[in-house]
Each structure stands twice: as structure tokens, then as C-alpha cells.
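Chain lettering (A, B, C and D) follows the sequence in which the chains are written, and residue indices restart at 1 in each chain.
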């Protein structure tokens, strides 16, 4: 079980801010593929992964090939707009 | 008659902050030559003109060939250290 | 050198009060730079409110690392970041960065570095509400570009 | 765009109080940058006091022109320079620059431009008094160099 978090318009499209997911995925990309297969709202949220960023255990990953093995939480969100 | 002003260590070497000078000088450089001829303290203050800056009527001049004709005041000082 | 300070909060704050206490009473600080980010009208038109979402936990962690890097790289005497989340109106303060160093070039560079990183690498997302509706602010290519200079 | 403000004074002032009122209550300002210059220990050792001499009249005129240039070049919404002269102790505020713009890059660039010009083109001369005696601060080649980027 892994906590999956969504922020900004990713959260709005998926409809929940976080959920627990039972997964065999070993990378962020594999997790995305699993989620896309679930329901239309996931497919909509993950349609263009180039518009998305991810963090594994609160560390931003460089790309979606990053491992999630042993991770407690994975988060998906659009590019940040702080400051 | 022209007002000649001195600042920082130029003022300290010459011993006065300002004075009125009767001069025929047409440029800053000519004024410097006249002043150097007056007394040792002027010669000391103007010994190394590359260490000095000048302003004519409160405008910094690029070099000592600047005209002082019609000017009300000329100032001499070391490079500025504001901020 | 200092540990710096990172504050993430919903409540409004007054940058003037923060600046008053920042890096004072020290003999080694010649330069203090502050940056204040304010809610302004959207590029699309007059703003009603701005909402800022963030990722609790990751936010403090990500900013903390930026602050550590800045302190080390520019030998800062002190460094502070305060960033709000939640809802705010036009003219309200969103965030503030302050840096203190012996010389001005270090204080300026560190503040700009922090701003560039906060803009694109701290987990905040802005949503602008105008008369025409609500819109998530899009990240700008220029902001990504700005990171490359560091 | 604004006319900006230049203040040259002997009296101490509190940058926090200045920042509190600066460029507030406007819808077009997203970024405010402030720089505060403080008296710190001399490179030669612990400082007793610093004395700053200036050229009354030329000072206001020279800074006024720098401020006008900055406002025009970076489309500043507001701009302020306060610079003290006379005697001050370690830790006291010497001067302050504040800039306000729509975007952060303009506010930062304008503040750094003003600092670089104030350093080498505004008629101030600093004298440091340490235990070893009084010494006029020498202009640095690095400060002259800094002007070339503008």
C-alpha cells in the first residue's frame, strides 16, 4: 500500500486529494499506467504526462523512471508556481 | 571668480572645504595646474591626478579636459565610496 | 553562518516587522536584501482573490534545502523565507525572502537564487480568481530558464 | 511609473518603517526588493565609528538621475533611495534602496543597478575609525567593474 497525493488541477480532475493504492508498480511511470487503467478521471488527469511532475517521499523526481520501491508516498502535480 | 570645493582627503590636505578662486583656466586640468603652483599643500593634494575625480557645477566630468568656462563651482575629490 | 529559517503559514504577516528583527545587532553584516511578493492583478485582468495550495511537509523540506544551499554558497550571515498558502486578496503579501551577508553581491545573488527556486521548485500552486472564473497559474518557460544561471 | 524619491539625511532611520509604506495598496505591484546597507567592521579590524562626508546638492542631483534612469529602464512602479551622512556606529543603517515592479526580475535588476551606481557615482566618502586610527575607505576596482554590466 502506498499513499498517492494529488495537487492543483490534478487533484481537481481526480476528485480526491489523496488515496491509498495497492500497487505492484516499481516506478512512477508504472504507477501512472496502473492508475490510467482504473477510470476515465485518471486517464484525463494523466493524459499528458509532460505537463506533470512527481515527488517520491516528498522529493521531486527528475523523471518518471524514478523508483517507488519502498516509498511511503508518491505525489502528482503540475509544475510549481510558488514565489 | 569660481567656487572650488574639496572633499574627503583632498579637503584634509588642502585644509579648507571650499574657497573662491580668481582664475583664467578654461579646463579642469588648467585649474589644477594653477592651484598646484600656489602652495605645497595644493601640490600635495594634486600630486596624483589619476587618484582624483572632479565635478563641474555638480556634474561629474569624464576627464580633466572638461571645460569650466562659465561654471560657478568646481569640486575635487577621491573616487566615491557610497552605498 | 546560520541555520536560516523557513516559515510556511496561512496567516498574513508584515514584512516590515520581519525586516526590523532580521540580522540586526551583528558586526559582520554589511548588506541585507529583502524580496516581498504581493498579490497583483492577473495577466488576464482584475483579480478577485488568489488561492495558493501547497504540499505540507514537502514544502518546508524543499525550501529548507534551498536555504541551506544559499547559506553555504554565499556565506550568508542569515537567511529567511516566509511563504503563505490559502486565500489572499490583491495587495496582500504572499511571501518574503531576506538574506544578510558581508557584501552586497552575495546578499543579492542569494535572494535571487532563492526566488528562482521558490518559483519553480517549491510545491506551491497558485489559482487566480477573476470575474471570468478560476484559473491555475501556468508555469512560465522564463522561470525554468532563470534556474539555469545558478 | 512614478517619480521616485530621494532622501539624503544625517538622522538615523528605520528601514522597516520605510518598507511598511512603500508601494502598498496598488494592484500592479507583484515584487518589492529592498537593500539595506549597514555599518560593519572594517576589513582592517573592529570599527569604532564610520563618518560619511557628502557633497550637498550634487548628492541629491546625482541620485535623482540614477533613480529616474532605473524607473524608466525597468518600468518601476515605485523607487526610493535614502542615504545618510555624518557619523554612525557599527550596526547602524547607512542607506536603503527599495524598488517595486510588476515582475521580480525588474525589481531585482533596478535595485542592483542603483546600488552599483550609488557605490561609485554618488558623492559620498566613507572614513573608518578603528583602534589604529582613521582611514578613508578606498574605492574598489570590483565596484568600478560592477558598473560595466549595465
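To be clear about the criterion, a contact is a pair of C-beta atoms (placed from the backbone, for glycine too) under 8 Å apart; a residue touches a chain by one contact, two chains touch by 3 or more.
Predicted model only: the values in this text are computed from it and were never measured.
J.: Leaving every chain except subunit C exactly where it is, which of them still form connected groups?
T.: A | B, D
J.: Counting in whole Å, what is the centre-to-centre distance of subunit A and subunit B, each centre being its mean C-alpha position?
T.: So the centre of subunit A lies 71 Å away from the centre of subunit B.
J.: Between subunit C and subunit D, what's the gap in Å when you average each chain's C-alpha atoms?
T.: Once rounded, the distance between the two centres reads 23 Å.
J.: Quick one: subunit A and subunit D, Cα centre-to-centre, how many Å?
T.: 48
J.: Do you know which subunit A residues sit against two or more other chains?
T.: As it turns out, subunit A has residues touching two or more other chains at 83.
J.: Can you list the residues of subunit D that touch 2 or more other chains?
T.: Within subunit D, residues 37, 104, 115 contact more than one other chain.
J.: Which chains touch which?
T.: So the chains that touch one another pair up as A-C, B-D, C-D.
J.: What residues of subunit A sit close enough to touch subunit C in their complex?
T.: 5, 7-9, 11, 55, 58-60, 75, 77-83
J.: With touch defined as at the start, can you tell me which subunit D residues reach subunit B in the complex?
T.: Answer in residue numbers: 37, 53-55, 57-58, 61-62, 83, 94-95, 115, 118-127, 136-139, 144.
J.: For the complex, give me every residue of subunit C touching subunit D.
T.: 14-17, 19-20, 24-41, 46-47, 90-91, 102, 104-105, 107-108, 111-112, 115, 146
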